[in-house]
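Multiple structures are listed underneath, in structure tokens.
Heads up, the next two complexes both have chain A, just with different partners, chain B and then chain C.
Right after this comes the complex of A and B.
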């Protein structure tokens, strides 16, 4: 076959290991015409170097053999999601997604619709041939009422399958798209109009204006089971009746991209994550006996931050430290608990099955965890909690009026600080008094006046016998 | 410099230090903090955050970004990870680098948001269609959530493969100290193969299709040969293993339970040690064979035995069939975690 050089197309197409100069499309296929128009537009506008085509799975799958530009071959239905990734990654490129009506209208409808709704900066060329070409002519969402396909052998039954999906009309409900139009390639006049519309899609991308979708009605003679001219006539007579041609929206002239929300920018990861007074990493000290803590109470009693304060003090002392909130089935509505492990050596299991110290701020917390405490361990329970169950043998029980003291001091929210006072007073953490206080102050980083106030309260509470 | 952070946040930090440029994601507990951190920190560094409409979209957006030559990531959990399998297969098929974090929750179905390691097969063996697998790493601490995320990007770029950081719902919530490096990595240059919309990359094509069966087979052989070479990047860690009589084998969070179990057993005079694969694919089978030969093996895991089966398989591949046959497992599922008490008991029963 003679090679006819075609603008924007490769000279030969190395399909299936052979170099050929004809496309894989059936004679009279709309894709063939549209492929030519796209290649021409891209070349004529000088955009081949900057265009990234996202190719579909469908009869358009092999466009990468034809258009002389960069290509990414997406999964079936995902060209719009893929093009979103491409255009976000390469905002300076011209990104064009090419999709069929099964690809865009069925499996990938939400991806296409959401991309349009986000106003992604790519152009979508959507080929509507009223059925699934590649897989053997099955019904697509765009199949006409009564149209025979391999999955509607008696004709599309609207009582069971609804009505043809009007993609442009649906997308036209969205605010973000810049351009929405439907054209046809059923005859020469229509092809000329289609070419202009395709150029528009490229132009919008070149100018980074925003999302554009162009639906192109196309014949599939093979699955229509018609000759090419009859198939083209079917497009004009039947498809165009259902899918009227026209421009639904064209804001190219007056489109302004919305203003971005301001983001405080930093120059590097180091600047972003820098920490004033960063604590040096833990040191290994096998002489320091590992301590496991459980803090439990109601949400709002400051249980999690009490745990964090102990963890911070441990870090100040360069101990290996782990904190984590209640997990899994331990989580119950209204209750809060967290675990802290402090160790001289790298910490193994993060779960605290047998705490050395249990801080229980309410009755359920006490009853849930008291039996787990290690022999030789300690339970500090708030004195408002009725202790109906004895602690296990060898476990020391301290009833501590944390809630009451906090109320007496006029700071009911500081019950957790009152508990810290007990941990400090009875030397239950293995950590120095100084580090516990420093950690307490640090926990109020955002409200320094409260830090000092809490230290005062802490010392006052410690005086309690 | 150190920071006391939630493991899930350490992942985002690792990604940023590794040069990841775009985050695509759809919220799901217990991975959502990763999206929250990314939504804030990526834009502050002039990088991008995109909230996708579903996980299918996330992974295909990553396919697009990777195809266009940029490192991207997502984080998800079970149900979302399932939706990503087709996309992961396409990434592997097109040999594209990208990183997915799976913070495993309990399943099957909706399950709950508590920890499990039950996505093992899909996270390690390639959960999608076709002959492929991912480079899969299993962190066990906040520091490793950082380090192994960095490593995942390095491996993804080095091997042109999707990489998975396989964590769990308990781990994601833990806070520990993380040491941050004082330099960050530059985004790699993929212009040799990526479609970047530049004159130099105009004729690049990113695809996973080979219509010709012979070519498709050749590509499959190429992939398998690449996976065999990846074995050189397998990573593991042993602890008290040399003189051990019983070897506790677990990955991720389970490896930490194994560690405490071994320490507890040692205190009682039982010679116990631990082995943990840090990379699950490639599986460090040579390291395993070195420490496992002649030992009793107990696996600790939060699944139904998928990991135990993989350990057996790898032992058998290393001609340790007797060890494989005698292997025992202790497991919990549904969000429950193996307790050290139970692991100690199980180990004692084997002696």
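Right after this comes the complex of A and C.
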């Protein structure tokens, strides 16, 4: 004897400390009908052990109590982003995101839209009941014009709140989705169509064909303030006028997944961040006097890479090292600066408030940082900079023609290398000449011919008196 | 033949409206929640299963053929 009964659901739902066999949905809720269809499709297609459901925030939140498969609960609106991660981490799984219209259409629209645009390999089942149900029936992007909700008590006024958002139609502008359809659960015929469409979404995921979205119009008798029958009729008479049912796209038959680029597998973060011939960790050496540097100028002078070169030299020497670019508001005026700390012991703060050495390549940089330099410290300022403010007492000022020399050598971009020459010549870094040169060459790793050229220029510049 | 688990019925009436043979009705026995569950009139069921698919509850209805 054949029996028509629920498949794919747990027998008992342990909600709120009680073991019950009824759902949390209100009487006549569309979610209930849809939940049953989804569980049935999952079970009948034999996919329960392969399916990972991504559950939403909203009325659909408790599906993990119902569907007998794997679940992950996403933050509000984030089910599609979460499903992206799940489907990428577990490409063999069937990933299904279940979202409502507040969740997908409002707070999570961009997540869902971008996932669709990327053609993520999951199916999105999108329940549209034209309002925020769980929170008490507020207007959602899908609320119909003139529809009364708790936040539109006189009916949605399109002059104030715009027009209903047609998710399927919008998604249909994207290239990647393979299946886009809208169905309803307002009556038996529509429920049977919805059942077929849900199976289709599972089938597409089973065959790894790509992104599919199925919008399901659902009645919310509680917030429509209607009887279940009237609410279902409202879906047919009003919602379907705004949101016509149908298949907007079905490219499953001839869909070919784009071939992905082979990416070598990274085994660990250490491997990701360290080069193959990585330098061993820093050595603790309390005898090494900590050096704090500030490099400043305008963007394009190679300020940040000059700092990096010094930091790299320190790393080669197995010092504790930090390089810290600063993005203050002056960044927008074209100024750039970075801090470098080189220490014999682990470094607490990467910020450099009082540098031992300031390298200033333009006037604003000099004027901004000169007063901060420690007594006994050194300022190297480009000789083009008019020094209108005296350096603090006990601070040595070196005017160094970095920009001029770079121009004379025919490589104006190498002004930062000229500055490195000064740091090296006056032994301001506490680092060996060899390491400074090695770091300089390493900074041109992508253009090796420039590395040697810069070393040559560095040595020439050092000869300057 | 339709079987109703009254403890799971919320009395929404979707099954009553959907039944092509009009053999279901509301106002049956009261369940623990205080809801008068849907009930089978006792005759006319053709075991089509339409009530099951219209019902939002997984375990309120089952149909034996």
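The rule we apply is simple: the second predicted complex is superposed on the first by the 255 of 465 C-alpha atoms of A that agree within 3 Å, B and C clash if a C-alpha of one lies under 4 Å from a C-alpha of the other, contacts with A are read in each partner's own complex, and residues count from 1 in each chain.
Definition applied: contacts are C-beta pairs under 8 Å (C-beta built on N, C-alpha and C of every residue); 3 or more make two chains touch, one makes a residue touch a chain.
From a predicted model like this one, the values you see are computed outputs, not experimental measurements.
Participant: Contact-wise, after the overlay, does A:28 reach chain B, chain C, both or neither (first, second, both, neither)?
Facilitator: A:28 contacts chain C only, not chain B.
Participant: With the two complexes superposed on chain A, say which partner A:440 touches: chain B (first), chain C (second), both, or neither.
Facilitator: A:440 contacts neither chain B nor chain C.
Participant: Determine, under the contact definition given at the top, whether A:303 touches first (chain B), second (chain C), both, or neither.
Facilitator: Once the two structures are laid over each other on A, A:303 reaches no partner at all.
Participant: Is A:88 contacted by the first partner chain B, the second partner chain C, both or neither?
Facilitator: First partner only.
Participant: In the overlay, work out which of chain B or chain C sits against more residues of chain A.
Facilitator: Per-residue touch count on chain A favours B.
Participant: Kindly classify A:420 by the partners it touches after superposition: chain B alone (first), chain C alone (second), both, or neither?
Facilitator: neither
Participant: Can you list the residues on chain C that touch chain A in the complex?
Facilitator: Within the complex, chain C touches chain A at residues 5, 7-8, 10-14, 17-18, 35, 47, 49-50, 52-60, 62-65.
Participant: Touching residues of chain A toward chain B in the complex: what are they?
Facilitator: Touching chain B from chain A are residues 15-17, 48-52, 54-55, 61, 64, 68-75, 78, 81-90, 92-95, 110-111, 114, 263-266, 268-270, 272-275, 278-282, 308, 311-312, 315, 320-325, 327-329, 346-351, 353.
Participant: For chain B, which residues count as touching chain A in their complex?
Facilitator: 1-4, 13, 16-17, 21-22, 24, 41, 43-46, 48, 50, 52-54, 56-57, 60-70, 72, 86-87, 90, 94, 112, 114-115, 169-171, 173-177, 179-180, 182-184, 195-199, 201-209, 211-212, 215, 253, 256-261, 263, 335-337, 339-341
Participant: Can you list the chain A residues touching chain C in their complex?
Facilitator: Within the complex, chain A touches chain C at residues 1-6, 9, 11, 21-23, 25-33, 35-37, 39, 66, 187-188, 191-192, 195, 221, 227-229, 232.
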